[in-house]
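Report on one structure; see the data block that follows.
Letters A, B, C, D and E mark the chains in the order given here, with residues in each chain numbered from 1 onward.
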Amino acid sequence: MSPAPGKTRLRHGVPRILGALAFAALLGGLVAGIRDLPRLGDPASPAATHVSPRFIEAAARETGAANMVTAVLADYRGYDTLGETAVIFAAGLGCLIILALAAADRRETPPPGLTHRFGSPILDVSARVLTPWILMFALYVLIHGHVSPGGGFQGGVLFGSGLVVVRLVRGRRGPAFGPGPRAALVLACAGVLAFLGIGFLAMAFGGEFLDYGTLPLGGDEAHVRELATLGVEAAVFAAVAGTVCVLFATISAGVRETEAARSAGSASPPGSDG
Amino acid sequence: MIPPPGVIGVGLLAVMLVAATAALFARDLLVAAALFGVFSFAAATWFALVGAVDVAFTEACVGGALSTILFVSAAHRTRRWLD
Amino acid sequence: MTVYLFIVALFILGLGGMSLLPNLLRKLLAMNVMQVAVIVFFLAAAFKDGASVPILAESGPEGIAAEGYMNPLPHTLMLTAIVVSVSTTGLALGILIRIRRRFDTLNEVSLLRRLR
Amino acid sequence: MRESLPGLLVAVPLAGAALVPLIGALFRRGARETALVLHAGVFAIALALFALVQDGAPIAYAMGGWPGPWGIELRLDGLSALMALLTAGMACFAAPLDLSGRRSGAAGGRTSPFGDSLLRGVLLLLLAGLLGIVATRDLFNLFVFMEISSLAAYTLIAAGGGKATIAAFRYLLAGTAAGSLYLFGVGFLYALTGTLNMDDLPVQLAAAAPGAALATGVTLIAIGLSIKAALFPLHGWLPDVYVFAPTATTGFIAAVMAKVSAYALLRLLGETLFGVEAGAFVLDVLLWLGIGGVLVGGALAIAQTDVARMLAWSSISAMGTILIAVAVGSELAVTAALFHVVAHALAKGCFFFAAGALAGGLGLSRVQSWAGLASRLPGTAVAVTVAAFSLIGLPPVAGFFSKYLLLAATWNAGGAAGAAAFAALIASSLLAAVYLFRVLEAVWFRSPAQGSLLAEAPRTGPERLRLPRPLVFAVGALAALTLAGGLFAAAVERRLPRWPLPEPVGAASDLSRLDSARQEGAGTPGRRVLR
Amino acid sequence: MTDPVSLRPFAALLPGIVAALPILLCRRRPNLREGVTFLAGAVQLAAAVSMLPATLDGAAVTTPEIALLPGVALQFRADALGLLFLILSSVLWLATSAYSVGYMRSLKYGHQTGYFAAFAVAAASAAGIALAANLVTFLICYEILTVSTWPLVLHLRKPRVLASGRAYLAYTLFAGQLLLGAVVWTAALAPGAGFTPGGFLAGSASDGALRVLFVLFLVGVGAKAAVFPLHGWLPAAMVAPTPVSALLHAVAVVKAGAFGMLRITGWVFGPDLMWALDLALPLALLAGGTILFASLRAMTEDHLKRRLAYSTVSQLSYIVLGGAIGSPLALAGAAFHIAAHGFLKITLFFCAGSVYAATGKDRISQLGGLGRIMPITFAAFAVGALGMAGFPFLPGFLSKWNLGLGGMDSGQHWVAALLATSGALNLAYYFPVLKTAVFEGSPAPRLPYGRTIVRAEELPPRPRLIEPTPWLWAPPVFAAAAALVLGLFPDFGPGFWSLAEAAAASVTDGARDLTALYRGGPSR
């Protein structure tokens, strides 16, 4: 009895009952749990009174950032952000390995990739017109992250998207605007390394890892931290932009192993992977 | 000062719930991706509503745009994705 | 309370979809729904009545009161969570494409049959 | 130098993860060598930390100079230093191996140097993620590093291609669900306490009234970590992953990855949330689930004909064992759990490397196909035997002593649960004996089937069967360590941390000053005093 | 008297383990390889004998404790019982090694290097069991013995052999795990769990708990001692080459189990506690039942080695019986029976193996006439058989006599009846063997001794004397002679009887004088 395509098939029998019971228990537990939480918006809740006040009250003084989220993100909890950069870098590496480089199986049907045009001439033209603006806006988001929403990550996403939008719209036969997967990867690696480099530099000057305050940039500590935060954001920007390009190149454009290998300057003969 | 999300917030959450349910059971991938986009933008709006402007911006960039585009472009390369 | 109920509903919808839907791509969509539910939850915890967005007003650093601004910590955490979410989605799509190429289906039941 | 080591422990492999692909993209060679040097360096750092914490004083490290609970704190105490050492050490064995899933000698050919450098970068990323989990004192930071390690693991598994992609995707779904459940639970704790710091959390919880929200949060965290630790009945993702992933990946993740999650469970439920009523309840449940996992894993391992799948079920059984000890939570039990973690990692890594080399390189994946192995690959046969003895718990190898400690710990725990765990542990040894002696019988005493690879291969000369040299080294070294762990059990045991862990010197004083600092307003505890 | 602390027990333990490596390295030079075996055996025996004077003086040479885990230490002590077993196993290891050379070479068996290496490890672990000073040490050696004898049982690698190997492992590993549980439990009750004459568990836990603990021990050790109903593996393991069977029965495995039973009853629980817990009588009855059952079962076996195996099941239960009764004489008899049975049974196995090696016959019904063409072998066999039956002037008599007296002492008069019955049954199942071999079959002409080995199919139509190579007939002759000497002069050489007496006296608190009254044989 083979499953009909499009039909939802659930498990039968005991596992199904047990699964249903588990879900019911989870639902019950969650509902019971939320009844016990502090009221939404309670200014006296522990979350509002315990650790966070410092971020609000001292962020500008200690880190020089008006946007408290940026201050926490890049400075107080810069280590999280380093991890976050590593996560998206991992995704980029992963897609590159899985889609472009990993052993291509003979039994796999060749992917169509974006061999034909995705859209219409209107889309094509608007993509070309939009691209510079997207890129500039991305830079603005990066630089202005200190005082307004945004920062390295959002800017990076926008920048990466801007780089690949033409390629995305025009397909493989379009103009080779934007970096190929290898160049994008180099950009991403450089971004991650720059972030780590700032951290190591802080160590070299006697502080803890990512302790920007020790960097010899002159001025008072908050200003130094502000500058370093900008550097970190730029590093994240590069890492994310590169990774987004890699993601698009592998998932959307369907770069195959041979192609990536060629761009990597390797001499893997075509067909040896198939 | 930002007022409590109130009725608008509840409405947005309801939109999210409906859009998510519809996306999960949509027959066609493009419909599913579009509904997922709606879900993400509703979420982003709700985030903005509770004052999380950074998160709202990111969700709009990432959830609303990047994820949706990735879904669509990945799916574009094959058919019968939702069988 | 209403917000929390919606969060639970979204979370259960996502988790249930992940475990019960047979199609891997649908599972992936459900996974995103579940992650958004957690993000909403954290942001609900960040909300303070009578507070503003956590960006310093023009008045300068003097006399900043914690009561005046939203809790920025959950916002920061959720930025990271969103990135984690999109990274996972991207990688999952990559794997999905490989599965689709090799096995010509995304139905979990058929795939599991191929696995054994 | 001593103070900066915890920062380097995670930062160095992270830097390597970006550096190695960069070298691979820009130059023709050098990536592999760089990766090996970095792995050795990380191991050296972990070793130095392990040696430094032997005096009992943990090394705390405030990331970015911000003390907890505002910043993210790392802490290397005896427990985390041990896990770090184990993880870094196992990574050293996996690092020289071929990480792509291609069969040597098959038509697939070799991975390009660029692709190889990417895979090595991902392995470093996996290592960084695991070390981050081990070192951090921050609940959310734990989540971030959990995701780093998970994404890297998905990649390494899926790199095997074919069926490995399905296994990787299912693992990805399970792992992400686990991560979200964990994060949801952390959200509950954060909403109740306002802190994410593992030292601050108990202080704040002591002030808060226990309630349903706390119980829900603790339970969600436990479920999430249990999925990652493949605790029965949440183990569904594990067997396929261990079977289909490339050899080097399987050997590494089977040896340490689930155990790092079990470590996180111990940290959170046994230490941070110790004293929380719900935590104690969850631990009780975990104990019974561990018993179930021990028995089910062992029984299903017997049912398998594929060596790797059998070992995978054996791992589920072993995780049940470790969870039992973690749940018992006495000093002896935690010592036993750690001894078992070390012994099992060494033995299972050895066995999986050997099984992977034979299945991937020579196509010998079934138990029966190993018949006659001793006559053609005697060294491998000896190593597998040592590993099997350790997994069963026979003297004089390491597994016997961990089993002994586990039995003693569960016996001392008393009660119905203790007696049941005691019986389950004995039963698990018997089950392990059934499925592993079946392998040993084939290896040593059965003759290979007519026409099979092992029957045809000559015993000597250049045409004789050989495994890749790094694999031989890994298998042999791990077997030797397993034996040494048994012969020098007292020395190993002496170096295991004592539970409960000693109070940290630096961080605790920060925390005690926390409340007064808050009352003073802007005054900041810790090293940095602004204004 | 304080025990002298010395490393000398290690000299008795290590030769076997250390020898395994050179044995494996000398795979191309068989003579050198076997030379290493003999050297190791000689060193082990010399070390054992060197500890004899101190032990007979009542002080046991003891090694320092080697800590393994907190509260768990490796320690060896050469007390009277241990030394008795050690000397016995050393002597018999040497004899079996010599026999193995002849047997394995004449039958041209493969894998001899692995065989001798495993043999050496098994001998070393038997020595470890003998000298173990606490339960954990005992357990470790016990488990190593299990895994080192497994390859020996599987030596022939045929499908039927593999099945028997599985049965062997199933019983022994199961028992080993229960023993592990029991040891952990005991160590929790009494830290260190060192063997103490007279036991150390009294009052450490409730009666019910102690009874459960005893059952764990009984299964854990009893499976190796082949106590009914855990004896199933022993006849199955007869598929092994004969020297291995000899090792299993006389030198190491089964004997280690019986030795372990004595240790458990005398040195862990102690006779007083055994009686107080109402454990002694059930155990004695179980042992008695095993004796009768196995004797009857042996009669139905046509396969010679399997008949010997059931004989072992029966005979080793004498030791268990003595341990259960726990009176001084019973204990002394039981301890002495370790040695007595060792020499006698190894004689019988050697003979069975020689017959098989010379003629390829392994069933009793096939033995017709062989007694007349292999007179030396069957003479030795007769000594062994009579000794088993408890014939006076053979060592079996001494142990049974004391067992019976010990039973009477403790008011268990049925023991004497049981022993008499069992002796009769022994005769009933050994006599047919001799009868068939000597009086049945075709008459054979008297011919001078020949040294050639003749396979069954090569037997000439008119049989002549076909005693095999001295490697095959000298060991049984030696063993039979040793048994005779032991029967006539129980204290000859190492003084097995004195050791048994001292062991019993230590358990029952200075009852040495009592035993002297009843001493059944001539003493020195």
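Assorted remarks:
Throughout what follows, contacts are C-beta pairs under 8 Å (C-beta built on N, C-alpha and C of every residue); 3 or more make two chains touch, one makes a residue touch a chain.
This one's a predicted model, so the numbers in the text were calculated from it and none came from an experiment.
Between the contact lists of subunit B and subunit E, the overlap is empty.
Graph distance from subunit A to subunit E, where chains that touch are one step apart, equals 2.
Counting only chains that touch, the fewest steps needed to get from subunit B to subunit D is 2.
Each chain gets a centre from the mean of its Cα atoms; the one farthest from the centre of subunit B is E.
Among the chains, the centre nearest to the mean of all shown protein C-alpha atoms is found for D. Chain centres computed from CA atoms place E at the largest separation from subunit A.
Between subunit A and subunit B, the centres computed from C-alpha atoms are 18 Å apart. Separating the CA-averaged centres of subunit C and subunit E is a span of 70 Å. Per-chain Cα centroids separate subunit A from subunit D by 27 Å. We define each chain's centre as the mean of its Cα atoms; on that basis subunit B and subunit C are separated by 10 Å.
Touching two or more other chains at once are residues 5, 30, 34-35, 37-38, 40-41, 45, 47-49, 51-52, 55, 57, 61, 67, 69, 77, 80, 83-84, 87, 90-91, 94, 98, 102, 105, 111, 149, 153, 247, 251 of subunit A. Among all residues of subunit C, those that touch two or more other chains are 3, 11, 14-15, 19, 21, 44-47, 49-51, 54-55, 68, 74-77, 79-80, 83-84, 86-88, 90-91, 93-98, 102, 107. The multi-chain contact residues of subunit D, meaning those touching 2 or more other chains, are 140, 144, 147, 151, 154-155, 158, 161-162, 165, 190-191.
Contacts between chains, counted with the stated touch criterion, involve the pairs A-B, A-C, A-D, B-C, C-D, D-E. Interface residues of subunit E, counted against subunit D in their complex, comprise 66-72, 136, 139-140, 143-144, 147, 151, 154, 157, 162, 165-166, 169, 173-174, 177-178, 180-181, 184-185, 187-188.
For subunit A in complex with subunit C, the touching residues are 2-3, 5, 7-10, 19, 23, 26-27, 30-31, 34-35, 37-43, 45, 47-49, 51-53, 55-57, 59-61, 66-69, 71-73, 77, 80-81, 83-84, 87-88, 90-92, 94-95, 98-99, 102, 105, 107-111, 147-149, 153, 247, 250-251. Against subunit A, the residues of subunit C that register as touching in their complex are 1, 3-5, 7-8, 11-12, 15-16, 19-22, 44-51, 54-56, 61, 64-69, 71-77, 79-80, 83-84, 86-88, 90-91, 93-95, 97-98, 101-102, 104, 107, 109-110. Residues of subunit D touching subunit E in their complex: 389, 392-396, 400-401, 403-405, 407-408, 411-412, 422-423, 426, 429-430, 433, 437, 441, 444-447, 489-490, 493. Residue ranges on subunit B touching subunit C, taken from their complex, read 1-2, 4-5, 9-10, 13-14, 16-17, 20-21, 23-24, 29, 32, 36, 39-40, 43, 46-47, 50-55, 58-59, 62-63, 66-67, 70-71, 74-75, 77-78, 81-83.
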